[in-house]
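Chain IDs A, B and C follow the sequence of writing; residue 1 opens each chain.
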Amino acid sequence: MNVYTPILVLGILAFGFAVFSIVIASFTGPKRYNRAKYAAYECGIEPTPQPMGGGRFPVKFYLTAMMFIIFDIELVFLYPWAVSADALGAFGLIAIFLFLINLCLPYAFEWRRGGLEWD
Amino acid sequence: MSGSSFGFFGTDPWWMVILKAVAIFGMLVVLTLFTIWWERRVVSRMQNRIGPNRVGPAGLLQSLMDGFKLAFKEEIIPKSAHVAVYWIAPVISATAAFLAFAVIPFGPTVSIFGVETPLQLTDFPVSVLYVLAIASVGVYGLVLAGWSSGSTYPLLGGLRSTAQVISYEIAMGLSFVAVFLFAGSMSTSEIIAKQQPIWFAVILLPSFLIYVTSMVGETNRAPFDLPEAEGELVGGFHTEYSSLKFAMFFLAEYINMVTVSALAATLFLGGWLAPWPISLWDSANVGWWPILWWLLKVQLFIFMFIWLRATLPRLRYDQFMKFGWKILIPASLAWIFIVATARVFRDDFAFSNQQLLIAGAVVIAVLLIGSWLLQIRSDRKQAAIESEREQELLVPFDAMAGGHPVPPMPGQVLAYTPRRVLAAQSVAAQVIPPALDSTPTEETPNA
Amino acid sequence: MTTTDFTNGDPFAGSYDTTEGTVYNLGGGDWDSIAAAPEGENERIVVNMGPQHPSTHGVLRMILELEGETVVEARCGIGFLHTGIEKNMEFRTWVQGVTYVTRMDYLAPMFNETAYCLSVERLLGIEDQIPERANVIRVMMMELNRVSSHLVALATGGMELGALTAMIFGFRERELVLDIFEMVSGLRMNSAYIRPGGVAIDLPNGAEQKIRETVVLLRKRLKDTSDLLVDNAIWMGRTVGVGYLDLTGCMALGITGPVLRATGLPHDLRKSAPYCGYENYDFEIPTQTSCDAYGRFLNRIAEMHESLNIVDQCLDRLVPGPIMIADKKIAWPSQLSIGGDGQGNSPEHIQKIMSESMEALIHHFKLVTEGFSVPAGQAYVPIESPRGELGAHVVSTGGTRPYRVHFRDPSFNNLQAVAAMSEGSMIADVIAAVASIDPVMGGVDR
């Protein structure tokens, strides 16, 4: 049996459980209509009308996401090197250092420019 | 290491796979129920309260009953919600939480109904990477929940949790690199095997600390519980959720807690390996006993989660992000540099461990002296600022300096005005000022 | 609020009909212009924080305009706890007024009562005739109340910033003070204990001993609670430099209390305009110069210790004597005592008016139902409540009821600072700023 098959089994089990619970809850729970109950929560005040999803997100979140992708790719490169570092030896170390320095330069630039400041 | 099997893994018969999957599923649900109860009891004790003690022995069934109660609560879907996404978000969260546990080992190879099998659902060469990937999928649950509710607070909570989880995932991922360096593998079972003489938490202490910090951030727990900071965002991303949909998020949060704790135990505390005094016992690491050691280690981390929650206030969002991006990530990178260099020096240039330790000690000493010097400098700067402030106090007091009249602070003196001197004299003498006294009433035009 | 129909002529209140009945909306000030501001282009969103929100100290509504996590504009909306206390008092006797005022700032009932009673006493011209024991008890109760009020400020402030244990500790310690109030006045809150002319009832047996013990215990536990937060790096990160308001800002906005003292100005009415004999006590006015939420927090802790010192001095000053003014035309006629069925009129007093003296009965009846008359005029007496200058402005036309009673409640004035403190900061800082002001909506809305 494939090593990935058990994940599928557990996944089906978990997904089934979650879907089953949510479906069953819509039968077990009461249903009493009330206009205020189905309004979006805004601390008891008539919600300020907002575009779906709150309109445009602040650009800050996109910047964070970009940074995340850059570093995530870095991780993907670091892991295989780490696993086989002993075989690669000094050559691997120098290579990965060059790579890291390449990555740290934009990171330092971003830091200097205040891209990591939240406000 | 072919695709279909990996050591012992991938050789289980189909019924064994199903048995293990059901067992893991059941264990996670029970652990969640237990952890909720345990958390409430421990926090209560830390706060001089008793906590739930009514349902079942010592209140153990409290969380189960709470779950049943939630099932009988009305499901409220706000009108402004995007129903399909709103519906699927808790499912994603819960499923991802369960899935991450597939590669966590909680015992050695045992015999179940005559079949030799490891106490672990499955394992493969990149299983730690798999945990990270599943954790990222779990974030979708939170983001989509926040976005689809069509309400401001969940939206803010959802945005926060995305940024938070992805930021801390990098720190978390970087802390793994040193472990992989030493273990030479990304498979959880092999990482445990490599910790046989000594745990990685001991030799890779900085990695361990970074991981423990980022795992609290990753699971949105106090003091990093910003996505659901009830003081600011009410309920955060699950504000609009009710009934069992809410329960799914709750379940996911606690399973995630167990998962990151189990991962910490696996990568740094030797997984199911017995801790030191017990490990002297020959059969400590065989058979079913290791499950107990594993559970104890996981509970240790869970207790730490609870302890943190009872002790610390919540960080502010920008401070939290700053901590992740400016402290944890550079620290992890620096630590990777150090570990990798030391290993290469040892293996390729035949330095002994002793020499490396001495070099490390020298570096630490230099750093300490450097920080001490920096401290002296900042103290001096502080003193300079303070003396400057004292100088400012000597400047004549200007009541209108800020644009609105203010009274003098202690130590400040009001500027001389003849009128105030007169007034002070008149108060002292308890008489009306002569200037007013000498003006005859009949001379005023309006009298 | 595009759906609101303001056709009934009131620019700040409108209503519209739905299938479940009429829905009423409330507006005011420039709230609506903020709520309507972000149209289209920008990344701003408007959030109503409160009235139903975990950290708005009751029912404060804040209208925040956000850009990401940054607050661009902040406005306070109040009026959700309006109880009409001031108006109601115009239809009650002077003594009954105490029962109303104690419910205004519900965390500092003793202060409301004292401010009101001092004003009435000033109108009556009997300020010098208040017995010494009554004054000492008033001071003692006020200082204990200051401790309990600051403990709630600490507890709720802690909870809003996520420090749950600080919250539980704060409320636990407050309970000790409330136990004393219950023992002395019969009620934990809203006790209507301080009356024009003195106090309602003398300290029961064992009260002094209990207060002494409680003060010792409170000192110890206050240290535990403050140890949790004072040097806590996260707590300092959340409060240092947050909610900044300097002396100029305080003066321009009429801010008093710990917020003002956190700017370094040692302004405290107990020192600058003493009442109830505060000039005879030895205490310090703690100040900080940081002008921020952390300074206010430290100030409150220091003030609690000072208050406990004053309570100690009060206990030493307590000598037996009357607790109500000697003038029988003003003093409350009944003599309360604790019987088997709780607190009530003392059997001796009942015996006297019911079977011995007809005049006493008539006197009792007149004073209790009609009340005493207060000479025409007006008086304003400010006292230092835990939140700042609490003033009672009392106007009389010479009758047995007030013509008008108005309170200058410090929470109301201090709330003006929310915009100045929080605009330009993050959402979390708004919470910290409001917590550091410690408004009590009962006092704001009255």
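Keep in mind that, in the parts below, contacts are C-beta pairs under 8 Å (C-beta built on N, C-alpha and C of every residue); 3 or more make two chains touch, one makes a residue touch a chain.
Please read all numbers here as calculations on a predicted model, not as lab measurements.
K.L.:
Quick check: which two chains are joined by the most contacting C-beta pairs?
P.N.:
That would be the chain pair A-B.
K.L.:
Per-chain C-alpha centres versus the global one: which chain is nearest?
P.N.:
B
K.L.:
Report the inter-chain centroid distance for chain A and chain B in whole angstrom, where each centroid is the mean of the CA atoms.
P.N.:
Each chain's C-alpha centroid was found; their separation is 15 Å.
K.L.:
Whole-Å distance, chain A centre to chain C centre, using C-alpha means?
P.N.:
The mean C-alpha positions of chain A and chain C differ by 47 Å.
K.L.:
Which whole number of Å gives the spacing of the CA centres of chain B and chain C?
P.N.:
That pair's centroid distance is 38 Å.
K.L.:
Hey, what residues on chain C touch two or more of the other chains?
P.N.:
45, 47, 53, 69, 426
K.L.:
Give me the residues of chain B that touch two or more other chains.
P.N.:
Residues 152-153, 234, 317-318 of chain B each touch two or more of the other chains.
K.L.:
Scan chain A for residues touching two or more other chains and write them down.
P.N.:
42-43, 47-48, 50, 54, 57, 61, 118-119
K.L.:
Can you list the chain C residues touching chain B in their complex?
P.N.:
45, 47, 53-55, 66, 69, 158-166, 168-169, 172, 228-229, 232, 234-235, 237-238, 246-249, 251-252, 264-267, 287, 426-429, 431
K.L.:
Give the list of chain C residues in touch with chain A in this complex.
P.N.:
Those residues of chain C that touch chain A are 1-4, 18-20, 23, 25, 35, 43, 45-53, 56, 61, 67-70, 426.
K.L.:
Within the complex, which stretch of chain B touches chain A?
P.N.:
3-6, 9-14, 17-18, 20-22, 24-25, 70-80, 82, 87, 90-91, 94-95, 97-99, 101-102, 121-124, 126, 129-130, 132, 147, 149-153, 155, 159, 162-163, 166-167, 169-170, 173-174, 176-178, 180-181, 184-186, 234, 239-240, 243-245, 247-248, 317-318, 321-322, 325-326, 329, 333, 336-337, 340-341, 343-344, 347-349
K.L.:
State the interface residues of chain A toward chain C in the complex, per the touch definition above.
P.N.:
Within the complex, chain A touches chain C at residues 34-36, 42-50, 54-61, 118-119.
K.L.:
Could you pull out which chain A residues touch chain B in their complex?
P.N.:
On the chain A side, the touching residues are 1-7, 9-11, 13-15, 17-19, 21-22, 24-26, 28-32, 37-43, 47-48, 50, 52-54, 57, 61, 64-65, 67-68, 71-72, 75, 78-79, 82-86, 89-90, 93, 96-97, 100, 104, 111, 116-119.
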